[in-house]
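Presented sequentially are two complexes of chain A, the first with chain B as partner and the second with chain C.
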Partner chain A sequence: MELGADTVLQLFLHSLSLWWIIVPAIFIGIIMGAIPGFAAHNTIIILLPLTLAVPVEVALTFMVALYCATHLGGGIPAILMNIPGTGGAAATTLDGHEMAKQGKAQQALVLAFAASTFGGLITSIVTLFALPLLSKVGYYVHSVEMVVIMLFGLTLIAVIAAEDTVKGLIAGFFGLMLGAMGADHVYAAPRGTFGLLELFDGVPLIPALIGLFAISEAFVMIEQESIVSSKGQERARRASWADTLSGLRIAATNWWHIVWTSLIGLVVGVLPGAGASIGAFVAYQQSRFFSKTPEAYGKGYAKGVIAPEAANNGVTSGTLVPLLAIGIPGGSTAAVMMIVLQFHGVPFGPRLFVESPILAFGVIMSMVVAYIFMILTILPMARYLAKVTVVPTRLLAPMIVAFTLVGAFVPRSFLFDLGVAVAFGIIGYIARKTGYHVAAILIGVILGPLVEQSYIRALRISLGDPLVLFSSTLGNVLWVMLALSLAMPYILKWLRRRKAAQAAS
Partner chain B sequence: MSTEAARQGQTKKRSVGADLVIPIMAAGYALYYIYTILDYPMEAQINGLFLGLTLCSLVAVLFVRVAAQWFRGEVDFGMHRLLTPLSMIPSRLIFLGLTIAYIVVIPWVGFTLTTFLFVLGSLLALGVRSKKLLVVMPMLSATGGYVFFIAMLNTRFPKGPIENFLAGAF
Partner chain C sequence: MKDFTITPTRRSFLKGGAMAVGAGALSASPLSKAWAAFPERNISILIPTGEGGGADRDARMFATVWRKYLNNANFEYSYYPGAAGQVGYEFYAAKSEPDCYNLLFGNLGPEIIMQAMQKPKATLGKDFIYFCQTTDETMCIFVGKNSKITSIQQLVDEAKKRVVTVATSRLPHPASIGVLALGEATGAKFQLVPFGGGNPSAMAAITGEVDCCTLPITNAIQLDKEVLILTLFSKQNVFGEMADNAPPVNDVFGTKIPELSSSRGFAIHVKAMETYPDRFQIIEESVKKAALDPEYADLVEKAGMPRSFVRYGGREETVAFAQDMLALAEKYGSLLAPKKK
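== the complex of A and B ==
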């Protein structure tokens, strides 16, 4: 199918006519994304009867709009309360919550919304035209490259998020170790489960997220009167529509930043399994790396909010590429979408573009339309959402614990998972108080089983040769980048010291 | 003068005892993990060995660094970083106790009533004394939680007297 101007216009108008399903999906997505535990795939599963009952194009449009909106919603609690609604928003806490503490929550929210919607819009338009090309990216990435990409992602997080690299790496590898808990992929032999049957399938991710971020944050929160500093409180109370406009102005001046960080998200999203959390951290690291003021990051810097938010919405578009182009879901939400498509008898991969081209390109176009609606609906809400930061912490903390524990229960309906959330809450509390970033632990827990899966596959293909990890050119390039990212902070420190010594002499 | 200098030196020492809690937990879990896979085939061991040994090496690097700092008199093994503010320890412990009680009690009392009691208890423990807040906040959380999670989203939370009564009434 040729994607000419008339076809694009036709697709756009058709997607626009589905506004009646897009608007409710956006609102549901934003609310569910803001509640830790209710990620897009959980929500779609809850609403499965609806997606199975309506025609396939309506179901797909609903799921896609909801998926995009959850990524945007995940940034709201990340900024306001330091609790990412989804793993993809973990990087947003680094600068977003710092801005909130300074009383600039409204501005941070507007930046996040603008970066998310424009980033998502740009990447969905790029995806629409570059779908055949993007689908080939997946062919170059095999199990060896996946292992290196995941370790590279984790290293970046460890270097960025922690106050010292060794502590960051300990947090990341502790997460990987916890993520490797459970039955192995070949012999189903239980490992490190403390003899608990509930941990046979590994550490449940949502309770881990809730514990590390929400429960621990609630305990840290009660040590202060308010989330916002006393200076910031005054600023937060005085917040007006002018802050919304100023946030929009900052976003507009950083338009190029939104473009390239969202494209990083798109490329990461195309890789099956890499996901929004890695995409957001890679974009954050790249943004800091190319910045003239890297020291400003982590202290409430606008670009530190823009980069991860643009990227995690870029991932949203990217995740659909392997599903549509080669029939492999790029993430858990794409997997749920695949099941719905299968139910409706829709083919995947190249057959989809031959048999139902309107549906294939229509999915991406409905993303474009969803982002346009999102810009209009979410921006006015920033002013009112920001008020959460001035609520006293002694009122917020019990609510956070009560409602996030609900989220821990939802995925598996095991009461045991509430205990897992509290256990991770204690680990998270100790980590926060002693300078081990919880994001590094969480990303480790998420990547643990994925690293093992790719590693074992690579070993099987190479008949057990451990040097297989250094057998591909792309993989070796990534190893070098990984080593450089580890060495870079020390090299930069040494260069700065040398420069200072030269200046002094 | 020398005593003064020694006192100043002492006050400048950083407390790093709390910083070692996570590495000890991590290394402990890594060793336990390796112990659980010792009898397994190589394919079930290799990932755990790679991660566990890397983690233990990182912990060793940190310990060596801390030991060197301790020998130089730069650090002590105090736990201040974890425990401060000390005045909040009772509230934190009560809040933790209530959170654990929430999980223990919920199978018998049900989601709605447990949420009400948990929010009420936590507000009291955290120093809220306004009667209006003590009534309104637990009521709102319990009712909102019931309507949103149980009635609308059909989450399969354990049922208690309130849920059974409402199920019978409607």
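== the complex of A and C ==
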């Protein structure tokens, strides 16, 4: 099937006609994404009977719209309450919540929504036209390259540690140690689990995330009357449509930033095993690296919100690529979508394009349409959502604890996970009070096991030769970039000092 | 919490199997007929792997037909992946109610090998028993479509010159055993690389990260032209062109590698079978009816898998399959476990 202008228009209009399923999917997705513990794949699993009862194109459109919306929803609590709804929104807390504390919650939300929807829109259009090309990415990025890509994310620990090196590194290594718990990646033998069955699959990410961010935030919150400063409160109360427009203006001036960080997400999404967390952290790290004002990151900087949000929605487009192009799902949500296709008797992979091209291209087009609907439905809500930040903490904190504890229980239904959330909450509280950064701990927990997995695979493929890490051209290019991204701030600092010294003399 | 301290051995497993058969015989007696209302509520199915995997797909597919033989029951699914399935089995044995409303749907091959290798507290034969298999598929070796290797003979010749890398979903798996047995029988050198699941393993072979991949055959058949199947660990290739007319491994090398397959099927608490023989009888009989219903085979075919994938096995057959797997795990166990220093 040729993808000419008339076909594209036909696909667009057809997807548009499915608005009646896209709009509810968006709302469900945003709500589920905003509740820590719920993600696209478990929401789709819950709604599986619905997707099996309707025609396959309706089912796919519903799932795709819901999937995209969950990543957008995850950013809302990350900004408002420092609680990422999904792992992919963890990086959003770094600057998003800082903006909220300054009374700029509405602006931060608009930035996140604009970055998510435009980032998602751009990457789904790129996917529509460049699917065969994108499917080749997996042929070049193997375990070795994955190690380096994930190290980009891990270097954020060093960035965080820049303010207080010892504490930053301690927090990062503590996270890495926690991430190393669970069954080993080769023999599946449990290690560091203290014999606890519930830890055999590693430290559960969602309860850890809830504890480190939500519970500890609630503990900190109750020590003050409001999330935002008194100056910020005044600003938040005065928030009007003008703030929404201001957020949009900032997003528009950063359009190129949205494009390239969403493309990072797209490429990461194409890689099997990688996901929104990696995409968001890598995009944040790269955004900071190429910034002329890296010191502004972490202090409520607009680009620090745009980068992770654009990237995590870019990942959603990417994860569909291996499923559509090869027939292998790129992540857990795509795997659940594959089940629905199988139940409907629809082939996937290249056969889908041969036997049902309208359906194959239609999946991607429904993503495009879903993002357009999202822009229209979510932007006006920013003004009202931002009011959460002025809710007194005596009301907000208990609600956060109650809601998020439910979220900690949902993914695995282990009561143990409630304990994990509370334990991490206490760790997070102590960390905050003593100047350790909880994000550094979480980066270690999320990325540590993934780096280890790829590293061990690379070693097994090379029969134990560690030089395998420098055996591919692409890998070596990435290593050089990684080294540069670590060294560049120091080199620039040194150059600036030298220049200043020369000027002074 | 219940104490599960007995480690799995063939003896304990056989003892449990005998108990299970005995409980079944008792349940078949006319004494127990007060079971017409079962099930009165939803049946919970625990899957010891993740959402969207093969076991999830097959359990749901089977349940769509099964419910009509089971009082139009509804099913709830829960997922407990981790440690090659150990988390799911331990959770099932220790924390789910042994009342016939809680079943486990697992991958018999790899998970029985896990039982033998990792010796979990939840013991096969003592705490739970597989009472049926619904599907069965042979293991195979395949390469990506761009690979220079086009036959199993070529692959083995290459593996005699250098170490050939083989992607596998996990080490304790019948497919991994097949590759190790092939290496032992032919002198070929293979390095197994676990990728943690069928999809990433297949991807590694397709993208050329590894030389080849070993998995159950439906994974390869569903990938159609993206892969080339080189050989099957079975007596014959009943799939023909769907499996690229690949020859059985023993036909090529004259070896005596045992048939290697993996079944999927249901397990139940031994205590539930003993306490509620009437309920268990309903479950067992209805599973059989559903598995033999052509509608189930139609569903399987519609999902892109061969009809021969459906293979019902009763309790005795499933117990025999489990014994074979335990024997294989014992034979190749040292190759699948970390070397002790």
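In this text, the second predicted complex is superposed on the first by the 483 of 505 C-alpha atoms of A that agree within 3 Å, B and C clash if a C-alpha of one lies under 4 Å from a C-alpha of the other, contacts with A are read in each partner's own complex, and residues count from 1 in each chain.
Throughout what follows, contacts are C-beta pairs under 8 Å (C-beta built on N, C-alpha and C of every residue); 3 or more make two chains touch, one makes a residue touch a chain.
What you see is a predicted model; the values in this text were computed from it and never measured.
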item	value
First, second, both or neither for A:Tyr436, with chain B first and chain C second	first
Most chain A residues touched (candidates chain B, chain C)	B
Touched partner set for A:Pro357, first chain B, second chain C, both or neither	neither
Partner chain in contact with A:Arg191 - chain B first, chain C second, else both or neither	first
Which of chain B and chain C A:Met399 touches, first, second, both or neither	first
Contacts of A:Ser413 with chain B and chain C, given as first, second, both or neither	both
Touched partner set for A:His41, first chain B, second chain C, both or neither	second
Partner chain(s) touched by A:His142 [first = chain B, second = chain C, both, neither]	second
Chain B versus chain C as contact partner of A:Gly345, first or second or both or neither	second
Residues of chain A contacting chain B in one complex and chain C in the other	186-187, 189-190, 413, 460
Footprint of chain A on chain C - complex, ascending	50-53, 56-57, 60-61, 77-78, 80-84, 86-87, 90-91, 94, 114, 117-118, 163, 165, 170-172, 191-196, 199-200, 202-204, 206-210, 222-226, 299, 302-304, 336-338
Of chain A, residues touching chain C in the complex	41-42, 45, 48, 138-139, 142-143, 182-183, 185-190, 197, 200-202, 272-273, 322, 326-329, 332, 334-339, 342-343, 345, 347, 349-351, 412-413, 453, 457, 460-461, 463
Residues of chain A that touch chain B when the two form their complex	46, 166-167, 169-171, 173-174, 176-178, 180-181, 184, 186-187, 189-193, 215, 218-219, 222-223, 394-395, 397-399, 401-403, 405-406, 409-410, 413, 415, 418-419, 422, 425-427, 430-431, 433-436, 448, 451-452, 455-456, 459-460, 464, 466
Residue ranges of chain B in contact with chain A within the complex	18-19, 21-23, 25-26, 29-30, 32-33, 36-37, 40-44, 46-48, 50-52, 54-55, 58-59, 61-62, 65, 81-82, 85, 88, 91-92, 95-96, 99-100, 102-103, 106-107, 111, 115, 118-119, 122-123, 126-128, 133, 137, 141, 145, 149, 153-158
